[in-house]
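One structure below.
For clarity, chains are labelled A, B, C and D in written order, and residue numbers in each chain start from 1.
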Amino acid sequence: MTSIDTPILIINFKTYKEATGKNALKLAKTAEKASKITGVNVCVAPQYTDLAVITSRVNIPVFAQHLDPIRFGKHTGHILPESIKEAGAVGTLINHSERPLPLNSIEVVIDRAKSLDLISVLCSDTPKTAASVAYFKPDIVSVEPPELIGTGIPVSKARPEEVLETISLVRRVDASAIILCGAGITTGADADAALKLGADGVLVASGIIKAKNQEIALLDIVKAMIPRI
Amino acid sequence: MTSIDTPILIINFKTYKEATGKNALKLAKTAEKASKITGVNVCVAPQYTDLAVITSRVNIPVFAQHLDPIRFGKHTGHILPESIKEAGAVGTLINHSERPLPLNSIEVVIDRAKSLDLISVLCSDTPKTAASVAYFKPDIVSVEPPELIGTGIPVSKARPEEVLETISLVRRVDASAIILCGAGITTGADADAALKLGADGVLVASGIIKAKNQEIALLDIVKAMIPRI
Amino acid sequence: MTSIDTPILIINFKTYKEATGKNALKLAKTAEKASKITGVNVCVAPQYTDLAVITSRVNIPVFAQHLDPIRFGKHTGHILPESIKEAGAVGTLINHSERPLPLNSIEVVIDRAKSLDLISVLCSDTPKTAASVAYFKPDIVSVEPPELIGTGIPVSKARPEEVLETISLVRRVDASAIILCGAGITTGADADAALKLGADGVLVASGIIKAKNQEIALLDIVKAMIPRI
Amino acid sequence: MTSIDTPILIINFKTYKEATGKNALKLAKTAEKASKITGVNVCVAPQYTDLAVITSRVNIPVFAQHLDPIRFGKHTGHILPESIKEAGAVGTLINHSERPLPLNSIEVVIDRAKSLDLISVLCSDTPKTAASVAYFKPDIVSVEPPELIGTGIPVSKARPEEVLETISLVRRVDASAIILCGAGITTGADADAALKLGADGVLVASGIIKAKNQEIALLDIVKAMIPRI
């Protein structure tokens, strides 16, 4: 498995206009710059169509947003793990609340990712579901209460007990799990609160992408994540 | 609307190994060569991850394999019409039997494609369904009986009556519709049979992609499609 | 085909508490009473679990809310057309916006319903989609803008042009189609407006089910539907 | 929670003709008879439409085949937990491989079942998935390799190691879990093998339903399940 530096920030580009095509490349370059300045592991998860360009021009880890539980063959319109890999991605989000998978595909998808040495970031809605899927030993487990996504109400401040419960439950299943939290993270203070609760990093989307100034918003978050001695 | 030359051959790359990543670019170049030699309108429909590279390096029409009925926003892992467009695609397959859409998304997706000046290729399983969706005036209607896909049994020879019925029913709804047929098309004779039945072109996947020699298989089909005087 | 008296009112019980189990039977009996008093064709569409009891104890047409495109066999948890029939239903809603079907299942489901002499009520979100599926000659076509469902804003008053367009487009495809409209119908005046626009009936849910007094609300609507000489 | 006697046999009626409508009632009565003769806990899981009739006329535990993760409201065509309960069911299958649920619905559905005092039988395809969902403490966990379903090749004999692994993994997560296995169980010897491996019971469908004589097939299996002193 690829080793994963923590703390880690993953920026999920979703299908936001400000993170599509040329804008996606620009934001990825901003993320690269923030990573260089701070030493924090900043990763981006752009749309499939933008993967190849970004991985060829930006030197930070790039993730896909989803994989289908398929192999080479007759699967028009689906997302093949091998294609993500060949496009230069180092990993993928799995089961984001906006792209949920059937339970019986979760094991298959994580296995497919592992067999291609792709980092699997398993997203879940609740602490218990996070712990349940930790059982499959994805590289990273992330919890995001869907009702906070895009609200600007940070899970780390509005629901610290949910973050703590996730960490506690997941670590009982897999002591070495890397755990992220997300939903509503907008400021450095939000990210700092997440790390103080014990998370290894944060998953952010609109908090950076929809900011008036993406670079300022990104740096605010990343600077708060610089490990103290 | 972009004008569409006929006869037209669309090669659906699906997620075949022989049409993924570097292989996808190679096959797209072979298609470009076949188009130059014969003057036939040869198009390719590679995976999302390969769109940008192929559209920047190959000068034939490139299609996506699917679109989601979405706009910019919170849609992790989905296929945004604007992204397909920005990656250089001129159109998209819609509702392929391997990626079916709910009925209530069909109108939305075709409208989204039209608003972006993307050519819509509406796939259907049966003549009647083809006619039903012709109602939404997609640029191209394609019929492929799913049970013949990948079999090498050409719809144009095994079920000529189904091709004829499709053409007749669709033209009654939309007299100017461009109509393709597919499933099992492997040889020039199969393509020729389709055109003789009145189709404006063919949709081919494994017949070319899984051939021992893709270039020979492709040229065999395309040469049979050169318009006679 | 079973002949269908118009004007027709279909009450969709959905999964409302006030129309589940014992409440479902009570509401069905109220519907039966309203039908007897007025002579209007009042039908009910309760949940699957309530079908058998209602059809054995109430003498009005009973519909299912959905069918799956399946035959006898290995389909755990699905809705078999034959089971609906054996439970005494005379027909079924198909493709309600809360239970949409893939396009490629629509033809199959309508054919399955016809083969069992079940009345098919094809629901659609827009006038164009209504017209498109009229092509498959369902017995009844219904249009319900999803954004008005449950709002109490009646489609027949808020968007008369949408009802008119549906009727016009559908009749061009199938001159003998029976056409319903729904969404937000709450009063007799709403139903009257629908009939005056040319609809053959209405599809109602919360307008009756969530009323303080179901019988009064139902009678108000049904009385407005009594044909005038 | 309702206490659950073991060993337990659950007959999944699926949508087989031989277990639909009148046939369903007949098979349920046969199951009741077999239960009386042997003292074994024999349960049936008929279609939704047959629940009310069977629960009113047969005195053995009756299960639904599926639940949707919903509450009272606007859910046309869906399966409401409260309706299953009111129809007399004591529990439900969840996530059968023929009716898979998204991961993020599993926790919701199990919680909904528990809140209504319905026994939850969580089905899974693999030992690991069984263990993963055992985390949510469903009352019963069942493992059925989908590729053996309906084949007559019994999981308990063809893949004993898979049954053993399921039992071992699930018990590590939930020591008190009741564990079933299924797929291909056709004879008393198959059921006996399952119990000897440590399973608390079996889930059977075609092995009984498609037998030339359902009663003989059922008794053969149930007799092999009588606890020895």
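Note that contacts are C-beta pairs under 8 Å (C-beta built on N, C-alpha and C of every residue); 3 or more make two chains touch, one makes a residue touch a chain.
No experiment lies behind these values; they were computed from the predicted model shown.
With contact taken as defined at the outset, there is no chain that touches chain A as well as chain B.
Compared with chain D, the chain whose C-alpha mean position is the greatest distance off is B.
Inter-chain spacing, taken between the CA centroids of chain B and chain D, is 45 Å. The distance from the centre of chain B to the centre of chain C, each centre being the mean of the chain's C-alpha atoms, comes to 38 Å. Multi-chain contact residues of chain D, defined as those touching 2 or more other chains: 97. In summary, the structure contains touching chain pairs A-B, A-D, B-C, C-D.
Remark: chain B residues 95, 97, 100-104, 106-107, 124-126, 128-129, 131-133, 135-136, 173 touch chain C in the complex.
Chain C makes touch with chain D in their complex at residues 12, 14-17, 20-22, 47-53, 65-66, 70, 72-80, 82-84, 86-87, 93, 96-99, 149-150, 205-206.
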